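Each of the next two complexes has subunit A plus one more chain, namely subunit B in the first and subunit C in the second.
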Partner chain A sequence: MIGWYEANLVLIEATFLNFLLALSIQVPLRLGVFSFAGVGSYGLGAYTAAILTLRYDVPAFVAIGAAVLLAAVVGYLFSLLVARLNGLYLAMATIAFVLIIAVLATNGGELTGGANGLYGALSDLTTGGVVAVCVVVAVLLALTERGPLRRRIEAVREDPELSLSMGIGVVPMRQMAFAVSGALGACAGAMNALLRTTVSPEEINFHLIVLALTMVIIGGSRSWIGAFIGSVIFTWLPSVLASAGRWQDVVYGVIIILAAIFMPTGLLGLVQTLYQKLRGRRSAAVTAEAPADDTAEERALLQALGGESRGGVQ
Partner chain B sequence: MLEILINAVTLGSLYLLFALGMSVAWGTIGILNFAHGSTFMFSAMVAYFVVQTVALPMWAMVLLGAAVGTVLSVLTQALVFNLILRRNPDLLKAEMQIVVGGIGTASVLLAIAQHYTKSVPFGFSASTFKVATYQLGPVHISNVQLVILVAALGLAGLAAWWLKSARAGLALRAIGVNPEVASLMGVDRSRMALGTMAAAGALAGIAGVLLTYYLGSIAAETGDSFLISAFAAIILGGIGSVAGVVTGSMILALAETLVVTQLSGTWASAVAFGLIFVVLLFLPRGIFGRKEVRRT
Partner chain C sequence: MTTTETAPPVLEAEDVAVHYGGIKAVDGFGLRLPAGRIYGILGPNGSGKSTFLAAVTRLVPLTRGRLLIDGEEYHTAPPTKLARRGLARTFQTVRLLPELTVLQNVQLGADLHAPGGRLRSWLGRDRPSEAVEEAIERTGLGDVRDAWPTELSYGMARRVEIARALASRPRLLLLDEPTAGMNHSERQEVSELMRKLRDEGLAQLIVEHDVQMMVDTCDHLVAMNSGTLVAEGSPQEVVSHPAVQEAYLGKRWRSHA
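Presenting the complex of A and B:
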């Protein structure tokens, strides 16, 4: 067990860092906002932490904290800038943001180390610290997935106009999502830079956006558990597939396609649907539950909307 | 200066050929095909392997590229997007699944291409076609550039006319406005979708072969960078509008060319994407984009 842990330490750490990166895409997505700005914040955070560590030799928590704060502020300001955009137009603007960050890093001269990036950012960050941060983040996000806050988030996603008319502050919630997304992305980037002691502009590219999106969609886009499932799968899949030899990339692509076709609500949604079907069958004799062909999502929404809407329909 | 302009227009025409089908498919049947870049590269690669055994002229290579692109695109539609839509009929909710399905298809095609080309750039030196340069007044222009210009503007004009005037074009635009009502009016959505994807794939194949002739050689990874550029050009012009794709492609190519020649290569993408950013801030639906009518 200890041997396995040590041999796979890099992958274990990568799982938690990918988890935070995936969350930075998932948080805005839960509000119906297609923003990839979290990947740009990943770069921003990585460079901030590396520069602070290299130049001022600050402890890890200061470097990461400063990176998180900076990215949250940048994320908030960015949300003011793109306030009029939505849908895939917004997605394009955020992709532009990510690529501009990468170009700025390439051309940053001595500060960012140019195309070679920065080396030797030695720090006192441990794997335990990474896991602790992830646990705190997961607990905080789990709190947003219950009670009135969860209902508000789902209402903003499903129908922003209606939410606005019901008195939900749609615009502040979206701005908040950008700030949280920036903080999460920067946290992942900063910890990655300090654990690997290096950062380079090549890390912040279109593939990182694609990876983050794939993790969230395949894992499940509605809950932090989905992001965790996605990060575990996509961190470990390449090494598992290494046994497939030279066709491993083809198998990887086929798995993504099959997941997109057969798991429209992600792996988490699939598990929830199966669980509810099993439970539904057991309780079918007692109460006539919702029709079985309802998707898990619809059922969740029905639940979220509460008793009054069900009562109103009947 | 004129040379720079000619080069920019050539690059813009290649972006146009590539992005045209993608934009029409996205604006009408609502499918944003992330495998478009790989389809483009794969068509050029198949043409390369054929030309290694048979020395083909340029027109045959272009037709071959178009054919391969069509087949790949139709297969992607039938085997991936159609299956996703059948399980998830709500297009808005299926959008992300379609993007991810396209990403998966793209990585399959890329992996196959990397395996067969061993990640080494490939070109059409075995083709019977020879590059020649003409002197037109004060400018030099090569025959490849002429072919690209004529093909891009001709096909874009054809697409614009067909969408505007043909009965089937009207049907396709109707799907773009409201798919349900269009079906009620007797439009066969799945057949129109297949046809649109076939045309988009053919355009991607043509663009792939012509780009390889223009640059001399391309690599398996070229498709990815083209995909981002095309995405930018489409958004810049406004989704689904042919005039928008033409404008977006030309502006993007001009901006990139100017930065590369006047400033430095490493800044090119920053300026191009900065430009898109600024345009979107003032025109949130692109230059020719129509106001979205659907709720949420």
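Presenting the complex of A and C:
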């Protein structure tokens, strides 16, 4: 008899790999940088790990480590290339980066296996190894979500000019984000290639970009917890929706649209707001001094849901 | 006050110009701000006051001119270097980080000088430093330290801006309309704080439209119009200067002092 775990092992592993992929988009986004380069790094990492494993038969951690390092360096160099771009233009340049990786994979001849990709990259990577990597990554990222580093990141995202006047180097922070994003994407790609033992160019497509972005936006873009929520939902949703048959894509699309409209801060943001609301009500009840606090709560909720806006530039 | 005639001014700006294409936002303006003094810039809307502060803080490139801190040129240095040299500023609009509390916003000002290197300050416990507590206390923010910026009145938010600048323990403080949106008693409190800080040796450069407050607060005024210097001197001299009366005040201004 096959247990639930064995039956769903592929999805369980995919959840963790998608988690890393989502983080590769989230890290730059937390600094206000819209970059999909992490998806390209996913492809770069997948091929690097597969090639090293096939040709040199290196242990999994060497193949993954090399892929991560290479993608971090490439991510950093790419950030120098796009240093002058911002917003939509930057996003487009990073999509181009993803497409270039896909084209290189398709036309890489013997090295990348062309359109067929690579097969038989057998390694000693286990599910436990994947989970361990994800735990380490989550702990490291959690450290960036508290204390002085969190304040720096908030400053760079919300107000680059203010950051400069406070001695915070905006450009180095962004370059670091590109390198980390590259490392995270490559880690996901490398581990996926080794677990599945194959990689092919059609994996690195627009769908992967959309998936990565959706996980972050719906889950929550401020914290690794949001990325994890998103990766759970969007790894398992397709199999849940399988019962919808050919309407599956439509239902999927409707869910995303509704989520984008009603949860602009993601699921995590919604949960946090509700929690604050509940706690606010309780403390108001205890002190019994809050007169008609409903309006204040409503305002806080609206503010949380409506996101934030800052005044002019001066 | 111990006047050190030989010591160079804390801030010196010489023939500063900032042009945006054809617009000469600042065009040959300058001043010398000694230690422990409050200088004020007066000027009508659009006269280039904020642009001058942006130039001094290296946030906009100079078209021409020289800038010096403690006699050392810095007009080609990046803006990120200035905080470490003791310069802090506030902006004309409230620029608090919306997802940080009042306390965290103020802490940001002190992070630059966190002891024990980066790693320790990132990993260790995040207790507010002495400078942070002092800045909060002096600006009267104790009751709202855990509030979010959106919960503050405009006047309160402005105080947080001042506290954030003070948390870096600057030697030179630039304030762009620090009391805009405050009521009379709040203004007086801020004015009092500035004078106290001056007596502790902090050099300040203030841009403000409230003439009475500028006269009461500043040691020296500089009047600006169309990006150039119109008049300079003691507050009384400057506000009674004909060109200033005409350009800025529109009518004769009388001190209530």
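Simple rule for what comes next: the second predicted complex is superposed on the first by the 282 of 314 C-alpha atoms of A that agree within 3 Å, B and C clash if a C-alpha of one lies under 4 Å from a C-alpha of the other, contacts with A are read in each partner's own complex, and residues count from 1 in each chain.
We adopt the following convention: a contact is a pair of C-beta atoms (placed from the backbone, for glycine too) under 8 Å apart; a residue touches a chain by one contact, two chains touch by 3 or more.
What you see is a predicted model, and the numbers here were worked out from it, not measured in a lab.
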Partner chain in contact with A:123 - subunit B first, subunit C second, else both or neither: neither
Touched partner set for A:161, first subunit B, second subunit C, both or neither: both
Subunit B versus subunit C as contact partner of A:181, first or second or both or neither: neither
Contacts of A:246 with subunit B and subunit C, given as first, second, both or neither: first
Per-residue contact with subunit A, leading partner among subunit C and subunit B: B
Partner chain(s) touched by A:217 [first = subunit B, second = subunit C, both, neither]: first
Subunit B versus subunit C as contact partner of A:106, first or second or both or neither: first
Partner chain in contact with A:81 - subunit B first, subunit C second, else both or neither: first
Partner chain(s) touched by A:235 [first = subunit B, second = subunit C, both, neither]: neither
Residues of subunit A that lie at the interface with subunit B and also at the interface with subunit C: 158-159, 161
Of subunit B, residues touching subunit A in the complex: 32, 80, 83-84, 87-88, 93-94, 96-101, 103-112, 114-115, 224, 228, 231-232, 235, 239, 266-267, 269-270, 273-274, 276-277, 280-281, 284-286, 292, 295-296
Of subunit A, residues touching subunit C in the complex: 143, 146-149, 151-152, 154-155, 158-159, 161-162, 164-169, 222, 300, 303, 308, 310-312, 314
In the complex, subunit C residues that touch subunit A: 50, 57, 59, 78-84, 88-89, 91-95, 97-100, 104, 107-109, 111-112, 114, 121-124, 126, 150-151, 168, 176
Subunit A to subunit B touching residues, read off their complex: 32, 81-82, 84-89, 92-93, 95-97, 99-100, 103-104, 106-107, 115, 158-161, 206, 210, 213-214, 217-218, 221, 246-247, 249-250, 252-262, 264, 297
